[in-house]
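Here it is: the structure, laid out below.
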């Protein structure tokens, strides 16, 4: 995907945001949005964000569903944990080695993981693509492994949603 | 009070409760890292619920679109803040190591 | 217009806290004192205007609006304070670069004169006899 | 002709903006600044003429009817202040350009100095023209923040120390000023000075006194009224010579301007008069004794500055026509003379290599011109006749004597004593720095080589100001007519209020 | 709706006070920052609820800003904090 | 007359040039000015000339000049002797004398001032010239200022006479206000009575006595002998010291009747005459002897004029003339002796009489007049004086007469001693002296002969002097000047005086030593030292040099003054409400707790976060109060502040230094609480007192109709009070400039304000924290949302006119977006995000905003006047354009520029310096 394509995507994206901000669609808004977006992109040049994949709506929907599910579930758990009387919970720092080692994938996976309560990204080892996650309420190896699998599942859903074909293949192989 | 209003009220109260949980966790949890969990996480869901409640009340695109943007911004930024703080907390030893059953960073690069 | 006691208390506390910090020698504290004082003044101005809904025509009836004029003053004050904060920070940094701390030093000349006063002497520069007597 | 009124503010602001965009072209910056301030001087003079002919000029900014929007008011008082300040700022600019050309601007970056200096000017003019209390505050903020930048420019250690004192004290005064504004609005519900004049009269005396005192406190700090004055001699002397000069000349006078406005228009009468008189006496004596204790010319002059603020307070406190008229006259005189003296000291510093009295000597012999340039304004400051300093003092004394009463007589005596002590102080400078044998090696070197050449622009601008100072004696008659009318209008209030009310329709 | 708004107000006030305690007690600067984040979030919730209650959308831009702010502040501190205790 | 003064002034200006051109001969040219004056005056003998020009009528100070008899007499003396002394100076100074140009200039200027003084008819004008003579004498006395003694003497004379002068000025003011005019001739016409007149008289006499070196002010004159002898001859014999006597003579006829006048003058005059005469007798330095002689004679003159009777006045006038002539002659003689022999000590001088007979002759002529030998003027005057008091009708006249006789005896004695000391042979000593150039000797010669001539011509001269004397109230027989009145009492007294004087001289070695009762100079010195000490003590006490002290004083003034008013006259409202919504209380608690905690915090960052927290609290108060725009801005500003502070604090120590926290803690807390209470009290009172409806009541409707916007606050900012906002953004501009100035400091460094691109290739690494500091997550996310945030900021800008937002909020949001970019990627990332000079953005913003205002003027409206454009466009629909949006765009740009500038300096540049520091 060339830099020009990036710019166009950005332009359209920004225009969309503009229309969302005004909340009403009108030609004036559209043109205004395009104009403002253009000005913004000229005033503040677009940085290189390498994006090699393509969008897959179905997979994306699946990702969103599971994400929402995790979010609600874990949120309740943590909230309960916070209010539960007794000793403070134990926790663990677990390294998860992702299979697709690109900036975008690392970031998105990290975001998804740490949005889900109970898990928090402490470090990212970019050279080998490892996320070190602080996981709340872990008391033994078994729970740790369970979390590692969960994290990899999250990565898989993301890659399936927006990854490039070979990335999807890569993830699929490692799963089987 | 319409059904939508009821739903909205539910969302709002639930969201508020999540905030309360965050507050409690913040005071009860032993070290920065665990407090981070209590603080940042339920917040996100709580915020989303509140926004949903608003949307159910307003019921017009003008405002709902804004609410959507708020949600998106929150979802994108919250984890980053958490990550940055957590990282500093760990690096500067602000956490209680005795509560860690496993520490793979330490195993990987002992310091 | 009957005063809102909550505001009055907030004003008092912010002024008190601000002054205590302002009287410090550490420039960072002075800065924070200034910020607190600025907030205190803003609340004071706010208290001088009518309470009500956002002064936006269409969302609030004119006679239920909060007084917009104090708000304009406060907004101006807030932004000016921002600029001043930046400047004070630069000042603190500069003085730290120069003397390794951000403490306000006493004036040297004044200290000289104070010492003269303690030694019961007159102004330092005497009109000394400096001629090759002719 | 009301189109003239906003220009003294707008022109320097545009100039500042342009100089900011001209970072890479120092020559262009100098030209822009010169052009801007020359234009301001021209406009100010024209405005003074218009005001004297057609009476007070009022502009409703944005054509918003009074008292909705902000009004700019140019009466004789403010127009006169505009002219003087414009003349002084222009001369000082020329001087500083001369200095910059000589020193090389490495330590005082033009891209900093010029915008800040122009904004400072805009702040001063804003304050003089403002017909709105909050806008007056904004004007003060503009000139203060600009002065913060100018007093610390170069960032040397003593400038940072002194600058810190200056900045923090000024910040406190700004907080108090804003507090005053907030309280006034809370009590009266308007910011328009003319309307306030009416509304404040309706308030209970105790409240009026309270508001009056808050504002006096804020202005008193800026005008360096004892006991709020101690910050000044610690901060001004360390700055660049031209900066010190323009600060000493102008900034304290803006504070005085505000005091005069507030005392005459908003809070006429009341116990603050006697308060002002007492403070005037203290300021005169403590200030001048401070000057006598100094061993550095710049600091000594800073103390005389404080001391002579007392003279002007004296006139304000008398609150009779001759008193206020003389006070205004003295303001004009003092702006000119105090600035001149600091510029001369700048020359002395270049020439003798120091401002400390124990390191100076023989300047009169080394450079007779420098001698004259110092002696004339120095005598003027000491109130030696026939100079303007004497005339102002005479007016104040006559006003005080005619008012009568123990306190006023005490002030007459104090004023006379102060002028004698001022003479003592400047004579000491003259004896040591100019008359006795050169003591510093630098000065001896100067003696052999005939001294370092003084940049033409610096000397030229200084001469211009010395001449202006002397000229005040010549035009004293017409000037006193002007200040007399201004004082009468101020004390009457009606002319100001009516002129502003006249703008009440859109 | 009024009952709801009162309930939410009470709950949020309690939460806010808890967070305030943490912000004041610390001990580490990071605790205070986290607490501040929580407070901001509570403010968002409160403002949003108020908006929903009064059906007055004027405050929504404030919420957009707030959703960006907490992030900026925390990152700023986290980036430069020196925890030399 | 004004012209003549002007002539002197012009001459003074050109004098240095003349001297450079003609050498010392230039003094002849300079002498033309006084010479012209002399001729002019002589041409107007016996008539009264007046001139008047307005100067500062408001102060009653105008250029009124008047030459009546007395003025004429002094004008002639001043001008004539001035010319002669100038001519004399040509030979006195060696060719190429350093500072001769200045001498000539100041001398002639002094002559001009002196002339002005004696012909001034306006009290203030008289004071003007009076002070001018003081200043010029200051410059003349220290002809060689490198000698400390000279500087000291000059300053002493300056301060003492100025002190008297100021007293006199006060006296003039009182007198003038009593009389309703400051013009002397009018006061003379109908003199005021009563009132503070006595005070006025005393004050005026203070001036006169100090100027004429009358006891107790005598001391300055002998010290002033440090001056070159021509100066002494002119200032200290003929001219300046006569000013005081002149004033007494001028005012005498009018004020003489007032109680303090006569006794004061008679007492001080006689006392001075005796003390100084006695002292003169003991001097070895000829010049000092003359000096004390002068003081003595001035005493005599004062006493005689002080008699304030017609005959005394006449005598005084005559004595005045005589003294001017003989005393200046003698000074000039001493000058010649000094220059030719190199000494003035009569113990060194011997045999001069034979070597310089001409000089001796001149000296004897003058001496004879001084001793009061007939037919010299000195004799004529003294006779008149004796007669005046012998036949006087007032109490004490005879006592005064006795004093005069004794004084005259002393005069005879020291005259003889002078002549003997200067010219007589003394065993074992011979002084070598070259012959004296005739063109030098001639000048004292002229004066000496004049002394003889006027004495001879006493009758006609007396005739014109009577016109002055008759101003006094007539009493008894009118006396007329003459050399010979027959054998009268006065003649007897004169003889007695001569004989006694001779005897006194003969037995001079047996005289008891008595000095002045006290040494004036020592007193002066003590006073000055005391003054210096007082200055130091007071300054040391008030000027502590400590910032907290200064702030403390100001705040104490606040507490004392306003606290007093609050307790006293302030009207306390009787009704108040606890809150508008209970939520305010919750928020208030938060604010208070955070603020207090901030004060107690020991770590910089902690304190800052807590302060920020209280700031957030205030923002919430704003929301609750119905001020969303404020809340928006406050939130943004507080956040920006926290980030800025962190940027700086990363370099500063984490903890506050303990010392500064402990010192005077309780005092600070007490003062702080007091200020807080006063502030709260003032708020309570002021708000409670509001009855008038605020001017802003009609803002909402105007905002829509004239401002074209629904968001009233925004309309106020960009339209109704745009003038404030314009000033405010210039504050921001200059503050940003200041930050850059303090961080970059030097021109060359300021280039980096534009930003420096990072190392080519590879992700930009952190400065300072090193690669481990950067976070990929942070970087990617910021890059993803950066533009969205910027876009949102633009949205705020445009929507602001009708909804919360506007230029400030928009600009701050954009600034925060940049901040995030900087935080994520440091300097290089920031440059990549916004490759533009912060200064440029600031300048552009200011131009846009101010430009909008100017354009409005050019379009014929008022400055910053807004136009509203409503158009229906195809497809796009209705366009509603309010020109104030352009103003707001300028605001937006300025704020962005400010934030960019802060990031460039407090961020990037500090990074750089950190690395440089290692």
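Chains here go by letter, A, B, C, D, E and F, matching the order in which they are written, and residues are numbered from 1 within each.
One rule holds in what follows: a residue touches a chain if its C-beta (ideal position, glycine included) is under 8 Å from a C-beta of that chain, and two chains touch if they have at least 3 such contacts.
Since we're looking at a predicted model, the values are computed, not measured.
Participant: Using the contact definition given at the top, which chains are in touch with both chain B and chain E?
Facilitator: F
Participant: With respect to inter-chain C-beta contacts, which pair, B-F or C-E, contains the greater number?
Facilitator: More C-beta contacts join the chains of B-F.
Participant: Farthest from chain F in C-alpha centre terms, which chain would that be?
Facilitator: The chain farthest from chain F, judged by C-alpha centres, is A.
Participant: Among all chains, which one's averaged Cα position is nearest the averaged Cα position of every protein chain shown?
Facilitator: D
Participant: For chain A versus chain F, what separation do you get between their C-alpha means, in angstrom?
Facilitator: 75
Participant: What's the distance between the Cα centroids of chain A and chain E, rounded to whole Å?
Facilitator: 24
Participant: Taking the mean of the CA coordinates per chain, how far is chain A from chain B in Å?
Facilitator: Whole-Å distance between the two chain centres: 16.
Participant: Which residue numbers or ranges of chain C touch two or more of the other chains?
Facilitator: Counting only residues that touch two or more other chains, chain C contributes 1, 22, 44, 47-49, 53-54, 56, 59, 69, 76, 80, 83-84, 87, 91, 94, 104, 107-110, 113, 116, 123, 127, 130-131.
Participant: By residue number and range, which residues of chain E touch two or more other chains?
Facilitator: 16-17, 33, 58-59, 61, 64, 68, 71, 75, 77, 79, 81, in rising order.
Participant: Hey, what residues on chain A touch two or more of the other chains?
Facilitator: 17, 21-22, 110-111, 121
Participant: Going by the touch definition at the top, which pairs of chains touch each other?
Facilitator: Result of the pairwise touch check is A-B, A-F, B-E, B-F, C-D, C-E, C-F, D-F, E-F.
Participant: Touching residues of chain B toward chain E in the complex: what are they?
Facilitator: These residues of chain B touch chain E: 1, 5, 8-9, 12-13, 15-17, 19-20, 22-24, 26-27, 32, 35-36, 39-40, 43, 46-47, 50-51, 53-54, 57-58, 62-63, 66-67, 69-70, 73-74, 77-78, 80-81, 84-85, 87-89, 92, 94.
Participant: Any idea which chain E residues touch chain F in the complex?
Facilitator: 9, 13, 16-17, 20, 23-24, 26, 29, 32-33, 36, 39-40, 43, 46-47, 50, 58-59, 61-62, 64-66, 68-69, 71-73, 75-77, 79-82, 84
Participant: With touch defined as at the start, can you tell me which chain F residues reach chain A in the complex?
Facilitator: It comes out as residues 775-777, 779-781, 783-784, 786-788, 790-792, 794-795, 799, 829, 832-836, 875-877, 879.
Participant: What part of chain E is in contact with chain C in the complex they form?
Facilitator: 56, 58-59
Participant: Touching chain F in the complex: which residues of chain A?
Facilitator: Residues in contact with chain F: 10, 13-14, 17-18, 21-22, 26-28, 31, 36-37, 39-41, 43-47, 49, 103-104, 106-107, 110-111, 121, 124, 126.
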